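Okay, got some structures for you below.
Each of the next two complexes has chain A plus one other chain: chain B in the first, chain C in the second.
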Partner chain A sequence: MNALKELGNYSSLLYQALRSSTEFSTYRKNLFQELVKVGYDSVPIIVLVGIFTGSVMTLQSAYQLESAFIPLSTIGAIVSESILIELAAVISSLVLAGKVGARVATELGTMRVSEQIDALESMGFNSVSFLVVPRVLAGILMFPVLYIVAAIFGIGGGIAAGYFSGTVPPSDFLQGARMYFYPWNVVFGFVKMFVFGFIITSVSCYKGYYARGGAEGVGKSTTNATVLSCIFVLLADFVLAALLL
Partner chain B sequence: MKMSNEVKVGITVLLAFIVAVVGFRFMRDVPILRQTMEISTHFERGDGISQGSIVNVRGVKVGSVSTVRLTDDGRVRVTMRLDGRTSVPENSVAQLTSLGIVEGKSIVLQLGDSDEMVEHGGEIEGVYVESMTELLGNRGEEIADDVSASLSELNLFLKQLNQTFDDDVSAQMGQAFGNAEQVTRQLSEILDQKKGEIEQAISAGSSMLSQLDTLATDNRPKVDNIMDSLESNIEELARVREEMERATASLNSILEKIDGGEGTLGKLVNDSEMYDNLNELTIEMNNLVRGINENPGRYLRHMSIIEIF
Partner chain C sequence: MIEIQTLTKSFGDLLVWEDVTFRIDDGETVAIIGRSGCGKSVLLKHINALLKPDSGRVIIDGKDIHALDYVDQRRLRQKFGILFQGSALFDSINTFENVAFPLRYFTDKSEEEITETVMRSLSYVNLEEAAGKETSELSGGMRKRVGLARAIVLQPSYIMYDEPTSGLDPQTADEINELIIGMSETLDITSIVITHDMHSVLEVADKVAFLDQQKLSWFGTVEDMRKSDHRELQAFITASEYQIKL
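Here is the complex of A and B:
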């Protein structure tokens, strides 16, 4: 019952956001601020995530596929394909759920409990348009960009790890990666990131927007926002894989 | 430098876009800056190749497959994107073949010897080479028939062999095996019985060896001493020998002198005069004594006892 109520609240918030998304002048300044916070500021950590995902994948695939019958290029194929389809999107999203989701939920929650949102409303501002729309839009727009960063650095990290550990020469790695490179995988990754960006920012906005009960309530809503974001990201990952592959 | 948010967003998106395009082209194996050349070929079938499959010339990768498409006449048209520097003669042949049992298929360009080179967009002949597995798949029935025929012949042979080994022969063989077994058992019994002795002998041998070992190690200083004194003795001997040599040399010279008649001894040895004189003296003395014996008065005449005493 409670879950249904939450779903209803969430949907109505999204509806309001959608309806007010035309008021570009209201949230224009906020949007760019959010784009920087979600995208530009997240690049370093996504680079790190990408490099480590790729290199760990390479080393572990090389360890698992240590066989005379499996050509080394297979490792490149496995690593690049998994990064493009799954890892660049999902691992980055889980990290961003912590980084972006928690920030969004805390910001909105604090504004809610310190009655800043009420103040905005009483001044005649559309608070959803002012606060929620730019954050969700920033998530939708910037997550695919971060996917590019994660994928490039993931594959680069994989090549580097294979080269420096001496397990897979870059030429073999690239040969395998190119042999099994399907543009659809990249499209699929973009779609995933688009959805994940939407899920993380909207869930966090919802949890923060409806926070209640002082500092403790903000903490609780932040925790909920992060945990729910992660769960829904994984769920959405499954649903997308089932639908699109 | 303080950048406005818009600039930051712009930089991020622009860089991501550029990286994405470059990365995409890179993964599609389209050289990012270099010129490429496209040529196409037709195969009977296109099993195992797809976009991105490798195009080889003598084992060196020169490009990759860009499209694989069915044509209206039921063949497969494959377009390859080659490195711009590869020159492919007109009469080259593209073979669709597998590199290994597990590795994927690839296209191998067998370069021809024509002087005319294929232009961008040109076409060369294509040959589909059956792989090992396909060969097995297509001709599997034949092979299976062969194998089954061979097996039935083998069966027959074994049956005949069985018949040849009738009861008599097999009984003899059984006996022979029985004998061999008995012998083995006896041998093993003997070994069991003598086990103790053998072990004793081995242990005695080993203890002897160890004793020898300790003896050798314990007496090492003494042996060293002995060797030292032996060495000094040998040195002394050498010295003695030298002296002996010197002594012999002087003795030799003395003997030579004696031989040559030099000196008293030489004369004594070599000169017979003295001997003759002595001989004569002896004879004279004899005569004198005989004379005195015969007639003492003759010699004592002039001598009186008083005079003497």
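Here is the complex of A and C:
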């Protein structure tokens, strides 16, 4: 029953956001700020996630596929395809659920419990247009960009790890990566990040916007936002794989 | 003029109050008093439609604010300034920008005009020197005053004060009371003050609405309140440390 009520409130917030998305002048300034916060500010952590994911994946693949009958280029193919189809999108999103989702839920939650959202409404602002729309739009627009960053540094990290560990020469790695490269996999990664960006920012906005009960309430809404975002990202990942692959 | 007609509100099974009816004439200052948790702030949030009633109407200048669509409701809200209990200053911007905030979005003023208007608002509350300060650097009393400067910057017809003196030392509370009186007299604003501070009521109010036992238990002028034999109202007043002033 409670879950149905939450779903109803979440849908209602999304409907309000959709309706107020035409009020561009209200959220224009906030949108640019959010694009920077969600996108630019997340680049360092995404670079780190990409490098380590690619590196570890290469070392583990080299360890598992150590055989005279398996060409080294296979490692490049496995690592690059895994990164493009799954890891660049999912691992980055789980990290971003913590970084972006927690920030969004905390910001809006604090604004709610300190009556800043009431203050906006009382001045005649549409608080959903002012606060929710730019954050969700920034998520939808910037997550695919971060996917590119994660993919480039993931494959780069894999090549570097293979080279420095002496397990896979860069030429073999790249040969494998090129041999099994399908452009659709990149499109699939973009679609995923578009969906994950929407899920993480909208769920976090919802949890923050309806936060109740002071500092403890904000803490609870932030935790719920992060946990729910991660769960829905994993569910959406499964649904998208079932539908699009 | 604000007319509150048979307003009823519950949260789930919890009845906050029912059949609340009273009128606030232009230029008046009405204090809404009652014990903590009696629904004073909830009533305030119904007056400018931040909350929806279960039944009843709030008529502002002839329009039922709860019957309007969201766009018209927002337009009507701009006739109100609110000083929130915790001031509700936006902590991501400084004092000047907090006061300038509604001007930037709802007026076509140039940067020069905005600066002039903001400084004038800050001068009403004697805080011109704090314009460049971050909100985190302000004391409780200063935050209230900045909140008040922001509330009046669009020259509203009505100001609502939610517990304006709570958490302040007596001297600062007196300064806030003087500001409320000054706002009513200088700017000819209709004011609604939510408080349980009887000293503040006696200083600023023309009329008093007493919420008790989930209804509007008493409504009248401050003079009538002094003479009233309403048992609960007198008990509330007697419990105040300012009984002696009555």
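Observations, loosely collected:
We take it that the second predicted complex is superposed on the first by the 245 of 245 C-alpha atoms of A that agree within 3 Å, B and C clash if a C-alpha of one lies under 4 Å from a C-alpha of the other, contacts with A are read in each partner's own complex, and residues count from 1 in each chain.
Here is the rule we go by: a residue touches a chain if its C-beta (ideal position, glycine included) is under 8 Å from a C-beta of that chain, and two chains touch if they have at least 3 such contacts.
Not measured: the values here are computed from a predicted model.
Judged by the touch definition given at the top, the superposed model places A:S122 against chain C, while chain B stays out of reach. Contact with chain B, but none with chain C, is seen for A:I70 once the two complexes are overlaid on the shared chain.
Of the two partner chains placed around the shared chain by superposition, neither chain B nor chain C is touched by A:G50.
Of the two partner chains, chain B is the only one touched by A:Y180; chain C is not. Contacts of A:V149 after superposition on the shared chain: chain B is touched, whereas chain C is not. Of the two partner chains, neither chain B nor chain C is touched by A:G208. Between chain B and chain C, it is B that contacts the larger number of residues in chain A. Within the superposed three-chain model, A:P134 lies out of touch with both chain B and chain C [touch as defined at top]. No residue of chain A touches both chain B in one complex and chain C in the other. Touching chain C in their complex are the following residues of chain A: 26, 110, 114-116, 118-119, 121-126. Those residues of chain C lying in contact with chain A across their complex are 45, 48, 50, 70, 74-75, 77-78, 80, 82, 84-86, 88-91, 101-102, 105-106, 154. Across the complex, chain A meets chain B through its residues 32-33, 35-36, 39-40, 43, 69-71, 73, 80, 142, 145, 148-149, 151-152, 155, 175, 177-183, 186. Residues of chain B touching chain A in their complex: 4-6, 8-9, 11-13, 16-17, 19-20, 23-24, 27-29, 51-54, 61, 64, 100-104.
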